[in-house]
Amino acid sequence: MVETPTPTAQTMGGRRLAATAWAGGAVAALVLLTALVSLVWTPHDPAAMDVANKLSDPTGAHPLGTDHFGRDVLSRLMVGARVSIAVSLVAVGLGAGIGVPLGLLASARHGWIDEAVMRFNDLAFAFPALLTAVLITAVLGPGAVNAILAIGIFNIPVFARVARGAALSLWTRPFIQAARLAGRGRTRISVEHILPNIAGALIVQGTIQFALAILAEAGLSYLGLGSQPPEVSWGRMLNEAQTFLFLDPRLAILPGLAIVVTVLGLNLLGDGLRDRLDPRLDTRRADGGR
Amino acid sequence: MAWFIAKRAVALALTLVAASLVVFGVLEVLPGDPALLILGVNAREDTLAALRESMGLDQPAHWRYLAWIGGLLTGQLADSLTYDVPVTELLVPRIAVSLPLALMALTLTVALALPLGVLAAARRGRAADGAIMGASQLGIAVPNFWLGILLILLFAVTLRWLPSGGFPGWEAGVGPALAALIMPAVALALPQAAILARVTRSSVLEVLGEDYMRTARAKGLSQGEALWHHGLRNALIPVVTIMGLQFSFLLAGTIIIENVFNLPGIGRLIFQAIGQRDIVVVRDLVVLLAAMVGVVNVLVDLSYAVLDPRLRRGHLRGAHG
Amino acid sequence: MMLPSPRRRARAVFTVFAALAMVAIAPSTTPARAAPPDSLVMGMVLEPPHLDPTAGAAGAIDEVVYANVFEGLTRIGPDGSVLPALAESWEVSEDGLVYTFHLQRSVTFHDGSAFTADDASFSLQRISDEDSVNAQKGLYEVIENVVTLDGYTLIVELKRPDGRFLFNLGWGDAVMVAPETADDNKTNPVGTGPFRFVRWVQGDRVELEAYPDYWGTKPALQRATFRFIPDPAASMAALMAGDSDAFANMPAPESLEAFKADDRFAVVIGSTEGETILALNHRRPPLDDVRVRRAISHAIDRRAIIDGAMFGYGTPIGSHFAPHHPAYVDLTGMYPHDPEKAKALLEEAGIAPGELSFTLHLPPPSYARRGGEIVAAQLAAVGIKTEIIPVEWAQWLEQVFRGHDFDMTIVSHTEPLDIDIYARDDYYFGYDNPDFDAVIEALEQTTDAETRADLYRKAQTILAEDAVNGFLFQLAKHGVWDARLRGLWENSPIQANDLTGASWSE
Amino acid sequence: MALLEVSGLGVDVAGLTLLDGISLRLDRGGSLGVVGESGCGKSLTALSIMGLLPPGLRPRGSVRLDGADLLDADDHALCAVRGRRVAMVFQEPMTALNPVKTIGAQVAEGPRRHLGLSRRAAREHARAVLHRVGLDPSRVSPDQYPHELSGGQCQRVVIAIAVACGPALLIADEPTTALDVSTQARILDLILDLVADEGMALLMISHDMAVIAETVTDMAVMYAGHVVEAGTCRRVLGDPRHPYTRGLMDAMPRGSGRPGEPLAAIPGTVPPPGAWPAGCAFRDRCPRADAACAIRPPLVADADGHAVACHRPFGAGERS
């Protein structure tokens, strides 16, 4: 039997990315591109109201029709991509920015710090995530920034757990031992040697969390707790479409499709990256789900 | 075993105490005065003070916390600030909606995910596997509330097979009640089933490579028999872990799904109570939900012991040493 | 779930999409369920927190129990007039300080006990007491003393004359309750009305049934159910499916077109007492500058707001007064929609374009949330930036109403004839004008109808000239019900669903 | 007719040849050993006979049991043969047993299926078989789980599972490799004992010449997916002709040799499939190799049936 070398940062380049992963990546890139384009150009001003022309079916001027204020749906979907992505990206960044150092600290120091980090994780998992997010936004008030906080908080334990798990197995490796013998401090080793080597696992988890964050932002905004007008996000659009469900289901279907396509793309990309970077991560995905 | 349960019960109790402190603290800083909400814009200052006193809101925080915990422990829940009835009375009919809903969703999740996951693993790399995994990718990407909207559009509005929302009550008969719950349950279940099917598949794949599966085949068992008699129980261990986590997602999911389907359950009650600043209802519900999640986690741990005799002995050893 | 190939998957998705897209044009074929002719299911948006109208401000309480379960000494009729109820007649002394009520005989509470002057005395004292938790205690605090002359005669002495006292007695907050059952009315209301309480399935519905020993004209309905459906889409579905027979006030005006096109339903647009305003905080400069407020009034396009937020239902107002009231003056022409004029006024006030930035607190109803979006866009067009802050009612009350921590907010003032709020000290928008206060002062002292009307007109004009707030529109009452239903109120002078006269036609 | 006749057996995966031209023959009640280093294809040969090759591996040639070709048989027919006519003992007793089932239940499964026993009768049968393999029910209960047993006890359970239905052929794939030395001998004794008692044929697979020498009468030496030398043990061990066989024998006295470790007497390790040199696969490691070895040598038997595949074999009695 051929022995498979344990995958680490050194062997990352080895395997090819699956076709589905390329497709997923392409979709994600397209959405990102759309969001970026919306910064400089949209077919119409997404905030421009034309009440006389409300709930119009798709026409040449409005390829996807208009909403209940007569605003262009296509333009709003484009801008919505921007807000959905920005909120999710910052939330995941927040989770990783706090969670990864915590996880590294826990793995480097063991003892009570490790224990404290893990108990914090347990407590965070004892509450249904959505419930806590609802409470947080009730206290702080609805809005994109607070949605970021609510989603970000739930990413902290996920990243802490992944970082700790991946880092723990590295501390016993010879090159780490060598660095320790050379008198490097634990913090320095964590930053210089551990972090680059667990980056693969973190990128994979980040992709998955990003997809989950988009779903979470949509859920919060749908409940009216996320982005607020005049901001547009896909969840916000779904929230506004709710009362027009029977009159104009298009308004509810289009933003939902945008969410599905984006999340699908990110998940396919995430799965592909995981297969390439770290096949052992397979069962962890649902773990971080909400 | 008894020792193990006792140990878990203590851990659960500690978690709940921590949870209750967090919730109480959060509700303390929640902006909005329940008395003002009840009495409205024409209320006078002295009227508000009288109402606050009658609701016990004028007491210091630590006293109110202890009174609350004492009430929880003795089963004497306080009166809801808005409904003015004991929270217990509010909860029972709500649980009669939410619990069946969560259980239906969980049953659906398992009933879909296990066979599909096993099938995908058994047909690894073939068309069935590809189809199931493709569909599960799609399922994971669909927000459950949007799925709920689509179901309403399709089955309630276009086909008119099912009610679009609301709950007739169990006294209207099991049929109408279940008809009202089936769409919400499906909306909750499909995305979770997609996740669980993937977990099942990878777990079964792992088990299929185990030596004992070869032993079973060497005895003359067919592939299917070996999987059924030897593989499943081993494969179930990670699956049960995820199921435990999913139960908490399903509970939380009711907050959003009950809003979509206009169901008078716990999820909508808690959402409404937050809006109305009915902190009595909110704190009891949050602790209740945390307790349910905790109990399910204990059950998951217990089910490991049922599934895997090696863990049974581990716990016994823990008991004696 | 079982989608065999990417291409077929795409096709399946497309099929679902196409099926869904057809929803909009799908004809409604199922007839509304034939309801038995002696029962009615009335849909409501909000569930009452409890069922005691004397212990809470929530309109939903009155919408269930007012005139159905509970009655007062007087009652408000469908046109807003004061009618006799449990008091069959009354006399008022010359100085307006002593009211003598003659009560209906043979009235019983739903528990069988007789209604007497003692019960009436108890009810009035309870709401005007020192430790009363009545939401409108301010209205009844004028009561000095209540005496029973005999079992059916009640004498009420006032501290000062009050032109609206009989009207105020008609509010749900002053209904008659029995001392024995008063404390349980929140969950088990016992009144004297034509319907008695059966049960309340919290989160879903309240059921009432006809009270066989009712003293007055017996209602045509034997059973009445109030169903609580907070979601506009769900309320539409409930009507279409026949799960509800009526919505006295349909939450989603956008759905009215569909009901109008369907001859199973009657769509009745009526008036309410809800003046919807863009309230401005006069404590916050430059909102204390009348030029800035006038600029805001010119910036607002009421028609666009009514069309966009309310789908055309609603009447523009130019001051804080209901257009259906006899004393109404149309002041909507005072500040026509004119962005250029608005900009000029701002410049005159020394404000550069883009310099102004206000917060806009929006409570949950769609008139506020949707109206707010449009207002924000209209203000932006004249160079005023707004930050929209959506709030729950609890927060609105604490932060805006009581804390005065806001720049602008949109809210509908639904109490009838409430123009006097502009004379209150330290009211949330902080308006202070001694001339206006004098008018209101005079109003309170006056009982003559014509003089009162003149004073009301004067008050309206002062508010409009001062451009106190942005006066947007009068909320309409969007009634949708089964076309065979008769006798439901068209207008809503108070928040109530009086089912006394409701019946089914053949 | 031979009980087992393997001829021209090969196994391929994705264009790669793992096993080629394997021919073996085993009579009723006879015994045959297959020896070679780890990775030479011994286990693959055993799995081919059982029809349990991992997915993706395709066999060719023929494997005849009682004259019927197992490679042609459908899965249903194979299930009837496995456990009933042919049974197998695996290398790692700890992982070969299902951790979540009692040992009694695992032994009873075969008899219930093949012998048509009732649940109860099968349980009794399992109890008896466990007793027969040395697990006294008074000391090791059939209701115990594998993790409660030692490695040696587990291997006895694996053997019990194999012999429970009285197969005609027992394949033992490195049955003692995972066990400690003192247990090894007892397990081998048990196997020999059972084989003799039940009249089973034995196919013993081992990397250890000593084990082969103790347990079987005939043997085949494999290297890189081919048989390089075959014959009676007496002839092959007494007079090894192939340089590889000699190397293996030189390594023998060390005893402790674990599979996978390079043999002390032969430099290098077995090349993985696909890296086999053209011609004689052993020539890169062979001290006697020359140009002729670039052509694959055929397996040629002498009059006594001692066969060797080598262009430069050791002569009879020649010392290395």
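Quick notes on this structure:
Note that the chains take the letters A, B, C and D in the order they are written out, and that residue 1 is the start of every chain.
Convention: contacts are C-beta pairs under 8 Å (C-beta built on N, C-alpha and C of every residue); 3 or more make two chains touch, one makes a residue touch a chain.
Here's who's who by UniProt: A, B = Peptide/nickel transport system permease protein; C = Peptide/nickel transport system substrate-binding protein; D = Peptide/nickel transport system ATP-binding protein.
Just so it is clear, the model here is predicted, and its values are computed rather than measured.
Put simply, the chain nearest the middle, going by average C-alpha positions, is B.
Farthest chain from chain B, judged by C-alpha centroids: D.
Measuring from the averaged C-alpha position of chain A to that of chain D gives a distance of 53 Å. Computed centre separation for the pair chain B/chain C is 38 angstrom, with centres defined by C-alpha atoms.
Per-chain CA centroids place chain A at a distance of 44 Å from chain C. Multi-chain contact residues of chain C (touching two or more other chains) are listed as 20, 23, 231, 233, 237, 392, 395.
Shown for chain B are the residues in touch with two or more other chains, namely 31, 138, 150, 152-153, 157, 259, 274-275.
Across the assembly, chain A contributes 138, 141, 242, 245-246, 249, 253 as residues in contact with two or more other chains.
For chain B in complex with chain C, the touching residues are 31-34, 36-44, 47, 50-51, 54, 82-85, 89-90, 93-94, 112, 116, 127, 130-132, 134-136, 138-139, 150, 152-154, 156-158, 160, 163-167, 169, 190, 259, 261-262, 264-265, 268-269, 274-277. Chain D meets chain B in the complex at residues 50, 52, 55, 75-76, 79-84, 87-88, 90, 92, 95-101, 106, 109-110, 113-114, 145, 147-148, 158, 161-162. For chain A in complex with chain C, the residues that touch the partner chain are 47, 49, 51-52, 54, 68-70, 138, 141-142, 224, 228-230, 242-250, 253, 257.
Looking at the complex, you find that chain C touches chain A at residues 17, 20-21, 23-24, 231-233, 236-237, 240, 251-252, 254-255, 257-258, 304, 307-308, 366, 369-370, 372-374, 376-377, 388-392, 395.
Contact residues on chain C toward chain B in their complex (touch as defined above): 1-6, 9, 16, 19-20, 22-23, 26, 29-30, 49-50, 55-58, 131-139, 186-187, 201-204, 227, 229-231, 233-234, 237-238, 241, 243, 364, 392-395, 397-399, 401-402, 415.
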